[in-house]
Every structure is written in C-alpha cells, then in structure tokens.
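What follows is chain A paired twice: with chain B in the first complex and chain C in the second.
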Partner chain A sequence: MRVSLTARAAIVSVALFLVFIGAWHLATRGTSATAAMSPEYAKLMGVTATQGKSAMPGPVDVGEKLWGHLKRPFYDNGPNDKGLGIQLGFSIARVLVGYLIAVAVALPLGFLVGMSPLMHKALDPFIQILKPISPLAWMPLALYTIKDSSVSAIFVIFICAIWPMLINTAFGVASVRKEWISVARTLEVGTFRRVFTVILPAAAPTILTGMRISIGIAWLVIVAAEMLVGGTGIGYFVWNEWNNLSITNVIIAILMIGLVGMAFDQVLARVTRLVTFPE
Partner chain B sequence: MTDFISIEGIAKRYPDRAGKITTIFENLWMPIVRGEFACIVGHSGCGKTTVLNILAGLDRPTDGAVIVDGEAIEGTSLDRAVIFQSHALFPWRTVAGNIAFAVSSKWPKWTRAEVARHVQTFVDLVGLTGSESKHPSELSGGMKQRVGIARALSITPKILLMDEPFSALDALTRGTLQDEVRRICLETGQTTFMITHDVDEAIYLADKIFLMTNGPGAMLAEVVENPLPKDRGRIELHRHPLYYATRNHIVDFLVSRSRTFADTVKDRDPRLVPLVRPGIAEPVLLALAKPVASPAEATSHLAGATGRIASKGETP
Partner chain C sequence: MTDRLVPGVRHAAGTCTCCSPDPADRGLSCEPASSGPLSGGEQLLKTRIENTLLRAIIPRAETRRAFLRAVGGTTAAAALAEFFPVLTATDAFAQAAPLEKKKLAVGFIPITCATPIIMAAPLGFYAKQGLDVDVVKTAGWAVVRDKTMNKEYDAAHMLAPMPIAISMGLGSTAVPFTVPAIENINGQAICLSLKHKDRRDPKTWKGLKFAIPFDYSNHNYLLRYFLAEHGLDPDQDVQLRVIPPPDMVANLRADNVDGFLAPDNIVQRAVFDGIGYIHTLSKEIWDGHPCCAFAASQAFATEMPNTYAALLRGLIEASAYASKPANRKQIAEAIAPANYLNAPVTVLEQVLTGTYADGLGGVKSDPDRVTFDPFPWESFAVWILTQMKRWGQVKGDVDYAGIAKKVFLATDAAKAMAAAGLAPPTTTSKSFSVMGKPFDPSQPEAYLSSFKIKRA
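Our next item is the complex of A and B:
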C-alpha cells in the first residue's frame, strides 16, 4: 500500500527535525580544553571554563528550560522576571489592539479608495509615500507625542499593519467583477446594500489576504518595537535575556515568537478559506 | 406609438485616443411589440450589446431615447431584467440565495417565507428542484444559466433582455435551454429582446429578427418577420419549407450585405426600416418545352426582397 503524501511529508519533516537536533547536540557537546584554576575562581567562571562545556546551550538545556517555562508560564517576580506566558500575552494584546484599530481604519478607507476614482487619485500619493516608511522610524515621533511607551508600541503596530490591508481592500473593491455590479444595478440595489451584499463578499478573499499580510508584519514589528520601548512583552524578554546572557531563554523566545506568528497566520488562512468561493 | 418598446433615434459615439469621435451607430429606430420575442443579429462591433445595455439602463445613448410602455427610460429598472452571457451568479450565494437576492430587491417588504415561496416557484420553473442549496461552483454551465434565467424571471419583468445567453454552452444543453426559454416565454407572453450570433437560434426563438450592418456607423438594415408557425419545434424546424428561405436570407445578409449595405442604400429614412417576410423560393426554370409550375406562395411585404430571395432560394 502506498503511503499518502501527507504521511510521507510528515516522515521527512520529522527526519529533518531529528537531524537538526542531532547536529545541534553534537555541536554543543563541548570538548574544549579546561584550564587549571583555583576552586574559588572556578566557581566564578562556571561550567564553561571548568568542564569545557560549550557556551552555546544544547537541545537538552533548552528542552529542560522550556519545560520549566511551560510548567510556570504566568509567574511574576517583579519587573525583570515574569513568566513567558505573561510576556507573550502583553505582545499579543498590543498587536491585537493596534491591528484592530488598523482594520477599523483601513477597511472603510479601502472601500472609499476602491469605489471612488477621485479618492483613489487624491489619496494615492500619500499612500505611496507613507507605505515604504519603516514602522520603527515612527517610534521617536510616537514617543514624543504620545509620551507612553506602551501606547507608542501600539501606534507602531497600527501604522505598519494599515498599508497592506488598505491597498488590498482598495484593489479588491475596485476589481469586483463588472457583471456582479451590473446585476446589482439592474436590480436597483441601493449603495448600502450593494456594499454589504455584493462588493464585500466579492472582495472578501482579497481583503483577507491583506489582513493576513498585515498580521504577519505586525508580529514581526512588535518584537523590534518592544526591544526599544522595554518593560514588558516578548521583544523586551529577548533583549533582557540577552543582557542576562541567557542564550537558552533567547532560543526559547525565538521558538515562541515563531509559534505565535504561525498561529496568527493559520487563523486568518482559515477565515480566508471560509469566505472564498470557487466560481 | 402602439409599440411597447420604442427605440427612438439612439446613437452611441466614443471619443478615441486621438480625440476623434467614433460613431458605433446613430439614428437607430427599433419598434418592439408587446409579447414579442425580438432577436438582434449582426457582426461583432455593430453595437448590439450597446443597444441591449441601453435598453437595460446600464449604458446611456449619446443621442435619442428609449420609450418603454409610454415612458422614457432613465437608468436601470426592476421592470427590465437581464440574463448575462456569463450568467453572473454570486458564487457565495446558493441557487436559492441568488434568486432570493433578486426577489428581495423587487419586494423589499416581503417576509422571508414569502421570498422563499416565490423563489421556489422559479426554481421549479427552470427545472432545478432539489438543487436549491447548491453553490454555483457545484453546477454545470447549463444549470448555472438556468439559475440566471430564474433570477431574471423571478422579478416578473416587463421586458427580458438576453445577451447571447446560450453561447457559452455545449450544443445539447443549448438546445434544451432554448426549449425551456421558448416554453416559458410563450406561456407567460414575455416580451423578450435577445442578442445572438446563432442564426438557427434566432429562427427558432424569435418572432422578429433585426439585422444590423457592420460597425462603426452600423444601421438597422431590415426586420425579418419569422414566417415559421408559432408552434414550431426545435427538432423538426429545419424540415419546414420556409426554414431554409429564412435561414439563407439571414446568412446572406451576414455574409455579404451586412458589409455593403451602408454603401448601396443612401438617404433612407431610418424610421422606415423594411419589414421582410421570407417566402418559398420560386422554382428555377429548367426548360421551355414543359409547362412550368406557377410560382409558389411568396408572401413578402417587399416585392424586391421576395425576388431577391427567390433567385437564390435553393437549399445549400
């Protein structure tokens, strides 16, 4: 019997993962020379110097630490020592707030630009100039005017998430099939009903593609933004653990950032499938 | 005017890139009687679709007006339903949902149950009973167009407008759908205006066939009255003695006269378009020795047209 493609792909994935873990384990086993030193000095230097252990954590170290984090995701020992769950929660909340504000602005504006050739031409230069600006370039301006680092981070998320949604919405709305618009016209459907019963469902797949791109960018940017603003969040956690020289925690944070980003993407991909109808 | 639809001197002109004005057609007059099935035949670019879009209210004439039931039309109306060539169904709505969209547009105050009952009537009429909750992607091309027909008929329009509704279908499906449309139009006395490229389709369905010359500067050359009986069937259509005379007349027009017509006919009043009724061809004279049968019935409104047809009335 032939194994299905999905099963075969899964076997290859697992094999690649095992090869990677194996290589990682071998590379960080640590065989470098140890220097003779007094016991007190050796205590200060740690296992890297005394036993020749690699400074780079191996998969076992990371696994142990990860298990510790997963057992206690929400502990709070003060400003510089919070559970991974709390840090991720802060980041997700910021991304969602900034993203939802961007949705609330980009969708109506996208409909306006897509439906009105005048507004399309009038707003196009602004969109073209604002779109390529790195969201982090807004950070000083945001910090200066808003004066609150957490809100500034949300603003940066808003400003980076808005463009793909705005452009995709405008494009989706403008390229609704002419026949569908004609159907609505011959049936004397009013503007309000036309927008919600014809244009919105017709443009929904394109709009959701824009929303999917936006959430991806927002999640990329939040890490960098939180490194700048500090305090809380997974981005801050990464930078803080780098300052603590805890490479293990940095690796765990990288893994978590990837998993959360994938979850966001999958949710929107599923919604896109729900609103996409083949003709 | 006693005509139900009266197209009065409409023109369509577009400025081209260089700013020069191209006239697709101008001073076009067309009368359509209530309850009649009218077909417009002509080559691509003669402005057939533009005429239909003007009738639908989707396009405006540069000049002239269209009078329907005594009133000049202004934009689209729920009195005029369009069946699109590409069926134009909403893929996110089911069969019933697509028809219900039209029904609730026409009668916004109806309850859900009233709409559903009305929708069901038209689903049954086009023979889609049982497929109400399917999405368009689950339907064949013919079934999709049935939904398009049901959607157009469900708003009980005064005029049904069809833009090459069957051209995207295979021959078998096209035949059955033509039968359905003819049955429905005869039963309901629906006034219908259709564009087609298919001469046989025009002869089967239409009461009057409007022949348009080539564009730009297209004009209505003549109106052919279908001489075939009302109860004609699609299968034995080509056995009728008048079938080939009618067919040849139209094909001749499309092949040669549609090109040369504008040059040969000058200073014609565009309001007085000849109405032609093709008749049986006169027998060809073989020899003088034997007695020749008297010319068979030739009932054309125009003597000239009859003679012309008679001279080439043989079947291909």
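Our next item is the complex of A and C:
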C-alpha cells in the first residue's frame, strides 16, 4: 500500500519529536557528584547543590508545569503575577496595536513611494538609514520622549513593523505591469479608481508578503521589549522566571511564543492565498 | 512639608523673633519645651499641632502675637490643653487628613532590600493608611528611575545614591528627588564563584570581573572601597560591570562574571544553587551602611502632602515591624511568592533571620546580616557624595551638607517615625567608620583627600 506524502511526513515529524524528547530526558536525568555536607547545611541548600540534580529540567518537569499553566491560564495574583493566558493576551494586544498603526502608515506611504519616482528618490535615503536600526535601540529614546513604558513598547513594535511593509508595498506598486496601467489610462480611469481597482489588487500579494514578514518581526521584538520594560506580557514572564532561575517556566514560555508566532503567520498566509491571482 | 525644623533643637524664649519671619506663625515652637516623655519627633509634632490649633482659634496674626506676648507660649499651650486634648489631636494628625490620591503605584526591584516596601502590601500596612498600593516589579535600576521620573510610579525603591544622582542631574535630567526613608541597612555581600573558592585573599583578585547593580549604588562604592583598601585599583586592576540584581545569578552561573557585590537574596540564591560562596558580608565593610532607599520626587511630596505622609507612615511602620527578628520568618513567607520576590522561602529566611549557609559547607549566624532602620542620616548622603567625587562621578566643588539636607529628609522621617510610635534620633548626622577608618561628616574634603587610590 502506498502511504501519502503527508502521512509519511507526519510519521517522520513524530519520530523526530520522540527522539528529541528522549535525548532531552536522558541528558537531564543524571545527577552529578555532590560534596559531602552536614544535614544542617544541606537543609539550607537547594536540590542542585544537595542532590546534584541538573539545573536543566527534563521533559517530565516541563510537562507537569505546562499542565499546571494550562489548567489555570487566567489567574491574577496581583500586578506582578498573572496567568500565562493573561500575559500572552497583553503581548498580543500590544503587537496588534503597534502593527495596525504601522499598517495604517506603511500602506499609504508605500503607494506614494511606489507610484511617484520623485518621492521614491527623495525618501529612499531615510528609509535605508532607518530600516537597519535594531528596534530595541529605539527603546531608551522612546522611554525618554514618550514618558510611558507601555506606549514606548507599542512604538517600538510600530517602528520595527513598518519597514518590510513599506518596502514591499512600494516594490509591489512600482512593479505592477505597465500594460495594465496603460490600459486603465486609455480607458480614462481616474487616479483613485486606478489605485483601488488596478494597482491594489495587482500589488496585493507582494504587500501581504511584507505584512507577513512584519508581523513576524513584531512578535520577535515584543518579547525583548517586554523583558526590558517589564510589568506585563510574555516577555516579562520570561524575565521574571529567569530571575527565579526557573528554566522550566522559561521553556514553557518559549513554546508559547513559538505557537502564537506560528498562528500569526498562518493567518496572514491564508489571507495571502486569498488575494493571489494567476496571471 | 516646606519648612523643615530640626527635631530636638528648640529655641529659647526671647530669641524667637530672629528665627522666623513671622513669629506669630512660629508661635509656640519658640518656647522651651516642657520636659515630657515625648521624643524629639513627637515633641515637634505636638508643637506643630499646638501652633495650628492656636492659629485656628485666633486667626489674625497680630491678635495672636499680642495674645502670646501677653500670656507667654507655655501658658498658652497649657490653656489650650485644658479644653483641647492636644495629644489626641497629635494622634489624629498621625492618622487622618484626606488623601489626595488613594490608588498608588510603587516600583521595586525584586531583592530583600525592598522588604518594607513589598511586605507593606501583603501585610496590610498601606491599607491601614487608607491607601491602595500596587507594588510593581521592575527590570532594573535605570527603568525604575525612568518610570518614577515619568510619574508612572508615585514613589519607588531606589539605591540610596540614586535620588542624590537624580537631584544633581547625574545620568539623567536633574529632577529634585527626596529620600524620606532608608529601607535597609547592611544586607549585601561580596559573593565569588565557587571556582574561586581558594582565592580568598582580595590581593589576588587582579583581573577578575565583578558585577555591581548600578553605577550610583553603595554596592559600587563599597566594592571599590574594599578593593582599594586591599591595594587594587577598581578601574585598572579589575573589571566592574553593571548588571541588574535579578540577572546576576544567571550571569555568575554562565561564567560571565567572577563575582559580585550584590544585594541579598541574590547572594544567598547563588549559594543555594551551589554556584557561589559568600566572601564578605557588607556589614563587615561598614556595619550599619544604608543600601536602598524609599524615594519620591519632590513634586509628589509637595503636590500630595497627605498621600505622601500616609505612604511614608505605612512604610515606616512596615520597617519597624521588619526590624524585629521575631517577625522575619512571617515576612519571608509573605514576600516569597511570584507576585513579589519570586524566590524560594528557604533563601529569604536565611537572609532575613541571619542563619545562613556560606556556600563552603558552613552554617553561620548573624542576626544583623540585614536589618531595617528607616532614618535617613544626612551623614550617609555626605559619605555617598565623597565617594561620588572620589571615583570621578562628580567633579569640582560639592555642596555636601546642602545636598544631603535637601535629599535625605531626616525631619520627615522623624515625624513619621514618631507617628509610628518609634523613637527617632534627635540629630540628623552621625559619624561612623568604614573598614576601621572613621568618617567625620563635617570634614568631607579632608576625608576624600586621605585616600590614596582615587580619581578626584
């Protein structure tokens, strides 16, 4: 019987996952030698020191902890201790706000740059200089001028999400086939109508690719930004647990960050597929 | 909050016209105080209440002045006490007064130095003052500073030198900041990685990398002082690196640093996880040194005097509670959860009770490893300023006494301490010694020039 490609890929995926978990389990199972200590002293020490337990948690530890988080994702024990669900919610909200503002700015600006060779030449130096700046380098400046840490975090998302969208929009708009524009012009279609009925649909796949890259970057940046500013969000959660040297929780957070990032990406991939057209 | 009287200094009768632009407003405070059981701060408070009462009863300044001239201040006070129980009013002052703002945010760094600020939330010291305070965990000192300057926080846990630095505009724009209370004294330690467990002699530390929490910290000054006393130049012979306390243990484990002079619970956590050992408690460098401070902008103190006073009272009561060894275990449990320090209770207990593992297999006991005394001695600020100048953080002439008086609000602390039933000291300055070398706060420049290793 011939097994389909998808099924075979799934089998390989599962096998790889099991190998990974197994190796992880074996690597963290052992205990190293410990120095002899008096019971009185041992009582004051942690398990890493007394039993030589690896500081790296095994898959079982992580699984147990993860189950605990999944059972209570929305608890609220005060300003510094909230459930994983609430923290993710804060991060997603920040990313979406920053990202939507970036969309609102990048798309019109991208059309302008893409349609006007003059503006393209004039704005190019600014875009080229601002584009490679690490978003976190903006953080001190943002904190100083905006004087509000959560708005600063949103600003950082905005500033990092804007460039791929801007550049892709400009590129997409500029490379719409000249024949189509010429046809529109021959039919005496007005500028606005031309933008919305000819250029936008034609450039949409490129624009959405830019938007997809942007959301990925925005999600990468929020974690780092929240580790800096603190307060709420999944980045703060990672930082807080790192302080407590709780690698278990850090691993769980990493897993969650990956899952949410994938979800964002998949949503935009779907939308891209909707607007793609065969030529 | 604007006129700061020095507690314990009382004016003699007859000299009062020279000490105040309006003697009638000073009124009774110019009289010799009756020798009662009241401490300096309480006396001050009582005198203030009497003045206010007198002003309420006889609003016109001239009439009041004439009345005081006619009967004498002490008689007037006695007359007042006849039909108005001033002592009860003193208590009322310590409690009531409408709050301008009830919902406050106070920032902190997750270390045991912040114990009074943190524990006041779960143990209800803020609630008792009618305040609803969110204590907010923060990633590092620079962020605490920025968020407090941005007014996201109404007040915050800072390193004692930070409000001085902020007021002077070092490392930020100059904003007048104040320290109405010190949080903890002692409670820090030099911790070295276990791989250096045979390098006990500081003279052999050349080339090591040390972490300090912040440039403007007593950790920085104490570590530099300690190294310099052992003949090492802290700028040439070792590397000092700023790492926020919460990240220190992870950095020590990753071998990014060889050791640190850090706040507890960080040091004890390094021991707990078998990464480092305690080389020297900061108490052994300077017994009774201030570490962290409760800091607020001057604007907060003047715009919301009642809220500020209530917050300070809550904090000082918490400090008083924390200073009693019997309460320390309970406090350790209260501040251990993820919402506050997020640290194992065993670690906090070792820090707060002073019975601790030293990281080398020994159990040591020192009940004063960390303790809590809120009084912001002005001489503390003077010492900090000498070290700022010693290491080149400030240049030129420094108005030691002036800055100390403006930033370290000994008088406000005395008032709040009196209201909390504590006995505040009657002076605002004291001398002490660091590693056996005496410090005279009235001679900062001479002290500074007595050091061999310095940048000034």
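Just so we're on the same page, the second predicted complex is superposed on the first by the 261 of 279 C-alpha atoms of A that agree within 3 Å, B and C clash if a C-alpha of one lies under 4 Å from a C-alpha of the other, contacts with A are read in each partner's own complex, and residues count from 1 in each chain.
As a convention for this text, contacts are C-beta pairs under 8 Å (C-beta built on N, C-alpha and C of every residue); 3 or more make two chains touch, one makes a residue touch a chain.
Keep in mind that this is a model prediction, so the values were computed, not measured.
Of the two partner chains, chain B is the only one that A:W180 touches; chain C does not reach it.
Of the two partner chains, chain B is the only one touched by A:V189; chain C is not. Once chain A of one complex is fitted onto chain A of the other, the partner contacts of A:T272 are absent, as it touches neither chain B nor chain C.
When the two structures are aligned on the shared chain, A:P201 is found in touch with chain B, with no touch to chain C.
In the superposition on chain A, A:S116 makes contact with neither chain B nor chain C. Here chain B and chain C are compared by how many residues of chain A each touches, and C touches more. In the superposition on chain A, contact is made by A:Y41 with chain C only, not with chain B. Of the two partner chains, chain C is the only one that A:K147 touches; chain B does not reach it.
In the three-chain superposition model, chain A touches chain B and chain C at no common residue.
In the complex of the two chains, the chain C residues touching chain A come out as 110, 121, 134-139, 143, 146-147, 150-152, 246-247, 249-250, 253, 269, 271-274, 337-340, 342-344, 346, 350, 355-357, 361-363. For chain A in complex with chain B, the residues that touch the partner chain are 177, 179-180, 182-183, 185-189, 197-198, 201-202, 204, 275, 277-279.
Across the interface of their complex, chain A is touched by residues 56-58, 76-78, 80-82, 84, 86, 88, 90-92, 101-102, 105-106, 135-137, 155 of chain B.
On chain A, the positions that touch chain C within their shared complex are 35, 37-38, 40-41, 43-46, 48-49, 55, 77-81, 143-144, 147-149, 227-231, 239-245.
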